[in-house]
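Structures incoming, each one as C-alpha cells.
Next come two complexes built around subunit A: one with subunit B, the other with subunit C.
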Partner chain A sequence: MSGTFVTLVAAEIERPSIDWHAIAPELILLGGGALVTVIDLIWLERVRKLIPTLTSLVFLVALIPVITLWADGSGLPRGLWIIDENVPATGVWEGAFVVDNYSLVLKGLFLLSAYVIVLLSTNYMSEGDYYDSEYYQLIAASVLGMLVMSSSRDLISIFVALELVSIPAYLMAAWRKRDLKSNEAGLKYMLMGVFASAILLYGMSLLYGIAGSTLLSDIAAAIDIGESRPVITLGIVFTIIGFGFKVSAVPFHTWAPDTYEGAPTPLTAFLAVASKAAGFVALINVVIVALPTQANVVEPFIWVLAAITMTVGNLIALRQTNLVRMLAYSGVAQAGYMLAPLAVYDGISDRATSAVVTYLVIYAAMNLGAFAVVIIAARKTRSAELSSYGGMFNYAPGLTLAMTIFLFSLAGIPPVGGWWAKFEVFRVLTEGNRTSGIALAVIAAVNSVIAAFYYLNIAKQMWFLPSPDGDNSRIAIPPALLAAVGLTVAATIVSGVLPGVVSDMTDFVNVAAGQ
Partner chain B sequence: MMELIVFVISAAIVLGGALGVILFRNPVHAALSLIASFFGVAVLFVSQEAHFLALVQVVVYGGAIVVLFLFVIMLLGVDREEDITEEPFEGQRVSALVSGVLIFAMLMAGIFLSGRTGDDAGDFGPAAISGSSGQVVPLTEEQDVVQLGHDLFTRNILAFEATGLLLTIATVGAVVLVRNRGAEDLVVDEPGTSSR
Partner chain C sequence: MENAFLQDWGITIMVFLPLVGALIMMLIPAGQEENHKSIALGTSLLTAAIGFWLVIDFWNLGEAEWANLHYVVDKNWISVISARYLIGVDGISIPLIALTLLVVPLVIVYSWNHIPNPGNPKAFLMLILVLHTGMLGSFVAQDLVLFFVFFEVVLLPMYFMIGVWGGEDRLYASIKFFLYTLFGSALMLVSFLALYWSTGSDTFVMAELAERVRLMDIGLGTQVLIFGGMFMGFGIKVPMFPFHTWLPDAHTQAPTQGSVILAAVLLKLGTYGFIRIAIQILPEAAIEWAPWIGLLAVIGIIYGALGCLAQTDMKRLIAFSSVAHMGYVMLGIATLTDFGMNAAIFGMVAHGLITGMLFFIAGSVKDRFHTLEIKRLGGLLLQAPRMGWVLGFCTMASLGLPGLAGFWGEFPAILAAYQPADGISAPLFRVYMVIAAIGTVLAAGYLLWLLQRTAFGTPSDEFKDDPEITDMVFTEYVAWVPLLVLIVLFGFVPHLIFDLTDGTVSGFADAVSALGK
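On to the complex of A and B.
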C-alpha cells in the first residue's frame, strides 16, 4: 500500500533539490522566531528579560548566511531550487525566488534595521506594561516577510510577503492597548492597509489576466507589445496605488501621521524605516522586472506621485509641533525623494534601482537614529513636543550632537550621510537630460530647502533655547539605546564621509534579469 | 449555449446577493444574502470545471466565514433593523455611488477598448481577461485538486509556508490584543510620547 503511494508521489512530483544556502536567512529567522515563542511559552516570566536579547541574536545569526552568500558571489543569482538539467520540468521552477546582490543588500538592511529596532524596544517594552515577548515574535515575523519580499519575483509571493510584513505591524501599532490613541493608530492602519491590499489585488489580477502567469518576467514578456493598452494601464495604476499606500505616498498617506503618533515609538521607527523599505522593494521589483516596456505609463504616474509626495509632506511637516508627527511627515517627504528615480527609470533601470536602494540604506541609518534620540528624550520629558527639546544641549550634549548629525543628514547637508543619498537621486534624475527628470530635480531641490528649515529648527531648539521647565537634570541612557545611537551615528557618518562603502554595495547590474 | 444559461443565472444570483448585502436593513439578512452571492460564485467555478475551488467556496466562504459574520453580529447585539436612510457622514452615499460608477465605467472601458484593434499586437480585451482566448493554461486530464496541490507544494511553496506563519502570528497578536488582565480601564493619556 505504502509502496504504491510512494511511486505515485514520485511520478507526480519531480522536485529539484532545494538550495538551502540561498534560503538560509529566511529559515534561520523562521526557526529563531519559533524558538523564541517556545521558550517564552515554557518558562514564561522567568525568561522575559532574555527575549529581546535572544531576538536580536536571531537577527544577527540570520545575517551570517547573507554575508556568506555575498562573499560567495560566484553562484549568484540563485533561486529556491538547484536547477538540474536532467529534470524536464525546469521552466516551472525558475524565477519566483531570486537571491542576487540586490536582494542580499536589502536582506542585510532589513536584518540590521530590525536589530536596531529591538535595541530601541528593549527598555520601552519592559518598562511599560506590555506583552513584550509576543511583540518580538511579531517583529521577527514581519522581518521574515521583508526578507521574502527582497527575493520575490512573482505576484503571489510579493503579495503574501507584503501581508506578512503588514499584518504584524497592524497588531503592533495597537500594542499600547489601554491608550485610545494607540487603538486608533492600529485600527486606522489596518483599515487603510486592507483597503490598499484590495486595490493592489485588483491591479495584480488584471496583470495576471493579461499574462496568464504570476511570474514578473512572464508578465514583462506578455505586455511587451511596443505600445500600451487601457487594460494594462489600469492594472499598472491599481498596482502602483496599492504600493503607494504602503510607502505612504501622497495622496495615500493619510494613515501615516496618526498611526505614527499613536503607535509605540519603537514601532513607529519600524514602520517609518523597515516597513516602508519593504513597500519600496515591492514597488521596485514590479516596476523594474515586470514593467520595463511600459515606461510611458509608469513614469508619468510616479512622477506626479513623487512631486506631490515630497511637496505636501514637507509643507505639512513645517507646521508640526510634535516631533513624532514631524518625523512622520518628513518620512512622507523622504518617500517622495525615493520615488523620484523610478520616474525616469526607462533605459537606466539599474542606476535607478541603485539610487533608491542607496537612499533606503542611508535613510534607515539616519531615521532610526532620530527615533532613538526621540525615545531617549521621552524617557525624561515624557513628551514629544518640539518645545520640550529646549535646552537639551545643557543637560545632554552628546545626545544633542547625535541628533544634530541625524538632522543634518536628513536635510542632506554634507558631510553626513544624507547628502550622498540625495546626490545619487539627483544624478539619476539629470542623467540623459530629460525634461521630466530635470523638472523633478528642481522640485526636489526646492523641497530640500524647505525641509532644511524645519530640521534645523529642531537643532536650534536643542542648542540655543532654554529648557521649558528649567529642569536640567541629566538623562540616564540605558546601554541598549546607547548602542542604537552609537550604531546609527557611525553608519550615518561613514556613509557620508566614505560614500563608496554604500555605493559599492548598491552598484547593481541587471536587476531585471535577476543578477 | 448551456454555459451561457448557467452563467446568466449564477451571475444574477451573485449580483442579487451583493445588492442584498448593502440594501437589507437587518444585518442578519445582509449576511445571509452574502451566502447567496458566494453560492453563485461557486456555481461559476463549477462551470469552469474548478470543482475543488467550488467546494472550498461553499465550505469556507459560505460556511465558516459567514457563520463568523453572524457570530459577530449576534455578539455585538446589532441584529435589529438599521435606519439606512441616515448617512453616517454627509455626502458619503453620493460620493460612494459616483466613484463606484466611475470605477466601473473605467474598468469596462479599459477592458473593452483593449480588444483587437486590427494590428498584430495581440488581444488584451475581454477574451484575454476571461481566458477564453486561450492564454490561460487549460486543465489537463489531471483533476484540479491534483494540479492545485502540485502548484502549492512546488512553485508556490514559499508563499504557502509564509501564509501558514502569517495565520499563526495573526492569532498570537489577536489573542494579545483582546486579552484582558482583570478590570483595566482605558487610559486616555498614557505616559509616553503622545502629548495631546
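On to the complex of A and C.
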C-alpha cells in the first residue's frame, strides 16, 4: 500500500508537462465558445449580428493548430501528456486521448463543416424569430464533442463525447419552438437518442466487465481469446446498435426523417453531416481499435446492417415528395455505403478506415451543398416539396447547376466527388476476392442505380419542368449562403477531378491506439 | 518525329479547350445569345485546329509508326490506386477523334438558327462543349479509370439535352437513356476493379494490363466474367440487341443536334471500348464471347431492319437503322480478325458521317413540316429539291452503295465473317455472314421506301402552299457539305482510314490468333 502511495507522490512531483499543442483545437473551441457566450451575456442585442461571424472565426482559428499539428506530422501520434520528450505517444489517462493523422483529418472535417453550417444558419436564424446567439453556442459545444470524439480511444471519453455532440442537437432540433413539427423533431430525436445511449452504455458496460478497463486497446487485448463468448458478442452487438442509432442505420433510422423535416434546415444539415460523421468516428474507433480480433462477430452484423441500410434507405427515398425527407432517406442509404467497408475490415482495417473517412469527407461537401441549395430555394418558395423546384433552371440557372453537381455527386457519377467515395468503397469490398465483399459490392452497385433515379428526379424537376405557380422571379442569394455553395461546389469538384487531394490525406489514416 | 509542342500539350489542350470555352460562357449573361454562339463556335474551331494539326502531324509520322501510341503524356493522377493521367493516340483513335472534331463544329454551326425549344443557347451550347471534352477524352485515355471518368462525363450533357430540349416524351426518354447506360457502366466498373485485383493491383494502364493478363495465369472463367461486365458496359452503349431499347426513344426525343452527336460519336464509344479495352486486354475471353457477340450482332441487323420497316416516324426509322448498322460493326469486331476490326472502325466513321447527316436532314424536315410522320410527308424533291437530293444521296450511302463510305463499313465486315479468327467456329460465322447479307437487302428496302415516301410524289395538300417550307439555308450548307464530301472521299479512297487503323488492329488480332492456335 505504502509503496503505491510513494509512487503516486513521486508521480505527483514528476508530473509530466501537458502537450498544449495537441489539445489546442479543443481548448480554442472551448475558450471561444465561452467567449461568445460571455460577449452575448454582456452586450446582448448590440452584438447579436456579430455572433455568427465570431463563432465561425472560432472554428477557423481552431483549425490553425489542426493544420500545424498535421504539418508537424513527425511527432504523431501524440497524447495529452509529454511524459518523455522522446516518447510523445503516451497520452493522459494512459492513452485515452490520441492525436494522430486520422483524428486530425476528422477534426479538420468537423471544423470546416461547422464553418459551413454557420454560413447556412446566419440568415435563417436572424430572419426567423429565433433565439439567435444561443444557437451558435450550442453548435460550438456540439462541435467540441466531435473534436474530442476524433481523439477518443476510451469507452468513457467516447461516451462523453457522444453525449456532448448529441445533447445540444436535441435542443437545436426543437429550435422552431412555435412549430409543432419542430417540437416533434426535437422530442423524437431526444427520446430515440437517449434510448440509444442506454443501449450503448449497456454494451459498453459488458465490454468493460470483461476487460476490466475502459481503454480500447486493453479491451482488444482482453477479448483476444481465440474463441467467441456470448457475453462478448452481446457487448459488441449492443455497442454497435447504439452507434447504429447515431448514424441512422436501418432499422434504427426511424427518427431521422421526422427529425430532419421538422428541425431548422441548417440544423438538419448539421445532423445529416457532422453528427452522423461523429457517430461513424465512434464506430470506427471501437471496431478498429478494440475489436480487431472479433471480425467473425462484427463483420456479419455490419454486413447485414449495411445491406439493409442502403437498400431500405434507397427504396423509401424513391417514394418521397419532400426534398428534405428525400435527403434524409438518401442519407440513410449513404450511411449504408459508409458502413460497407467495415463489413470486410478483417486484415485491411487501415484501408477500410480510409475508405470510410474518404466517404465522410466527400459526403460532407456534397450533402452540405445540397442542403445549402434547399435553404436558398426555400427563401423563395417557402417549401421543400419536390414540385416547388420546377422551373428553377429558368430563373436560377447557377443554383440549378450547383444542385445538379451535388446530386450527381451523391449519385456517384464522375467527374464530381461522389464517384471517388464510392470507388474507394468498391475497392475495399472487392479486395481479397471474398464472397461476402463482392456480394455487398454488387448490392451497392444495384443500389447506386436505384439511387440515381431519385437524384435525377430532382434534377428533372429543376431542369425539365415548368415552375408550378409560374413565378419566375429570381432568387436573391445572401453572401453567406453564396459562400457556402461556392465552398461546397469547389470541394465537390476538386475531390472528383483530383481525388489525390482527398486520398493524400486519408491514405495515412491508421487509427493509433492509446498505450 | 512528333512536334514537341504537340507531344507535351497537344492532346491535353485539345481535350480540355472545350471545357474552358464552356467556363467562359458561364460567366457571360444568357441574354447575349450571339456572343454565346460565337464563343462556342470559336472554341470548337480552335479545338478542331489543334486537333487536326495533331492528326496531320500523326499522319506525317509515317505508316510504320501508326500502330504505336504517340503524343503520350503520362502523369501521376490518383496515386493510391496508381491511376494515371495517361493519354495518347494511335491508329484506331485518330479516325474517331477526327470524326468528333469535325462533327461538333458542324453541329454548332447548325445551331446558329436551329436552337430547339425552349431556347437558351447558352446552356445548350455549353452542354455541347462539355460533351466534346468527354468524347475526346474517352478516345485518348489509355488508363481505365481515366477512360471511365470521361465515359461517364458524356452521360450528363446528353441527359440534359434530351430532357430539356427534347420532344414530347423527353422525360421518359432521358431517364431511360441515363439509367440504362449507368447500369452498364456500374458493372463495367466492377469489371475494371476485378481486373485490377487479379493483375497485381498496381496499375490501370490498358497496355500494361494486357501484358499482365498475357503473362499471368488468370483463370479463363474469371476472364470470361470480367469480359462479361465490360460487355454490359459497352454493349449497352453501342447498343446491341437486346439492350437497344433506349436508343429509338433517345434518338426520337433528342433535339437534332443531340441525335447527330449521339449517332455520330456517342455510340462509337461502345464499339471503340470493345476493341480498345475488352479485346486488347482479354483476347482469350474475347474468343469465348465472339460467337455470342456475333449472334447478337446479326440479330441486331435483322431486328433493326425489321424495326425500320415498321416505323411511321422518319427519325425513329433512322434510329432503328443505327441498330442495324452497329450490328455490322459488332459483327466485324466479333470476327476478331484484322480484316473484321478494320472494317468495324471504318464502319464507325462511315455510320457517324452518314447517320449524322440523316439526322440533320430529319431535323431540318421537322423544322419545316413540324412533323416527321412519313405518311404526311412526300414530294420533298418538288418543294425543297436540294434537300431532297441530299436525302437521296444519304440513303444511298446508308444502304451501302459502292463508291460511298457506307460500303466500306458493311461489305468487308460481312466478308470478314467468312473466316473468323482461329479458335472461333467458322461455319457458325458463315451462317452469320449469310444473315448479315440478307440484312443489306432489307436495308435497301427500308431506305428506298423511306426515300420514296418522303421525297418522291407530290406534296400533300396540307403542306402544298406552306410558305415555311424552303430549300436548304446557309447554315445547312455549311454544316452538311463537309460531311457529304467526306462520304464521297472515303467511298473512293477508303485506304485513308484502313491504312491508319491497320497497324494497331493487326496487333490486337495477332494476340488473338496466337491464342486461338
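By our rule, the second predicted complex is superposed on the first by the 485 of 515 C-alpha atoms of A that agree within 3 Å, B and C clash if a C-alpha of one lies under 4 Å from a C-alpha of the other, contacts with A are read in each partner's own complex, and residues count from 1 in each chain.
In the analysis below, contacts are C-beta pairs under 8 Å (C-beta built on N, C-alpha and C of every residue); 3 or more make two chains touch, one makes a residue touch a chain.
Since the model is a prediction, treat every value here as computed from it, not as a measurement.
Participant: Quick one: is A:413 in contact with subunit B, with subunit C, with both, or with neither? Answer first, second, both or neither.
Facilitator: After superposition on chain A, A:413 lies in contact with subunit C alone.
Participant: So, does A:433 touch the first partner subunit B, the second partner subunit C, both, or neither?
Facilitator: After superposition on chain A, A:433 lies in contact with subunit C alone.
Participant: If you stack the two complexes on chain A, which partner ends up touching A:67: first (subunit B), second (subunit C), both, or neither?
Facilitator: neither
Participant: For subunit A, which side has the bigger count of touched residues, subunit B or subunit C?
Facilitator: Larger number of subunit A residues touched: B.
Participant: Please work out whether A:198 is in contact with subunit B alone, subunit C alone, both, or neither, and reply first, second, both or neither.
Facilitator: A:198 contacts neither subunit B nor subunit C.
Participant: Who does A:38 touch here: subunit B (first), subunit C (second), both, or neither?
Facilitator: neither
Participant: Counting only touches as set out at the top, which of subunit B and subunit C does A:385 meet: first, second, both, neither?
Facilitator: So A:385 only meets subunit B here.
Participant: What is the contact status of A:174 with respect to subunit B (first) and subunit C (second): first, second, both, or neither?
Facilitator: Once the two structures are laid over each other on A, A:174 reaches subunit B alone.
Participant: Quick check on my understanding: which residues of subunit A belong to both its subunit B contact set and its subunit C contact set?
Facilitator: None.
Participant: Note which residues of subunit A are touching subunit C in the complex, please.
Facilitator: Within the complex, subunit A touches subunit C at residues 393, 397, 404, 408, 413-415, 419-420, 423, 426-427, 430-433, 441-442, 445-446, 448-449, 452-453, 456, 460, 463-464, 498-500, 503-504, 507.
Participant: For the complex, give me every residue of subunit C touching subunit A.
Facilitator: 30, 76-81, 123, 145, 148-149, 152-153, 155-156, 159-160, 163-164, 170-171, 174-175, 178-179, 182-183, 186-187, 189-190, 193-194, 197-198, 201
Participant: What residues of subunit B sit close enough to touch subunit A in their complex?
Facilitator: Touch list, subunit B to subunit A: 106-107, 109-111, 113-114, 121-122, 124-125, 128-131, 135-137, 146, 150, 153-159, 162-163, 165-166, 169-170, 172-174, 176-177, 179, 184-196.
Participant: Per the contact definition, I'd like the list of subunit A residues that touch subunit B in the complex.
Facilitator: My answer: residues 12-13, 15, 23, 30, 37, 80, 92-93, 96-97, 128, 131, 134, 137-138, 141, 144-145, 148, 154, 156-157, 159-161, 163-164, 167-168, 171-172, 174-181, 186, 206, 209-212, 222, 225-227, 229-234, 261-262, 264-265, 322, 324, 374-375, 378, 382-385.
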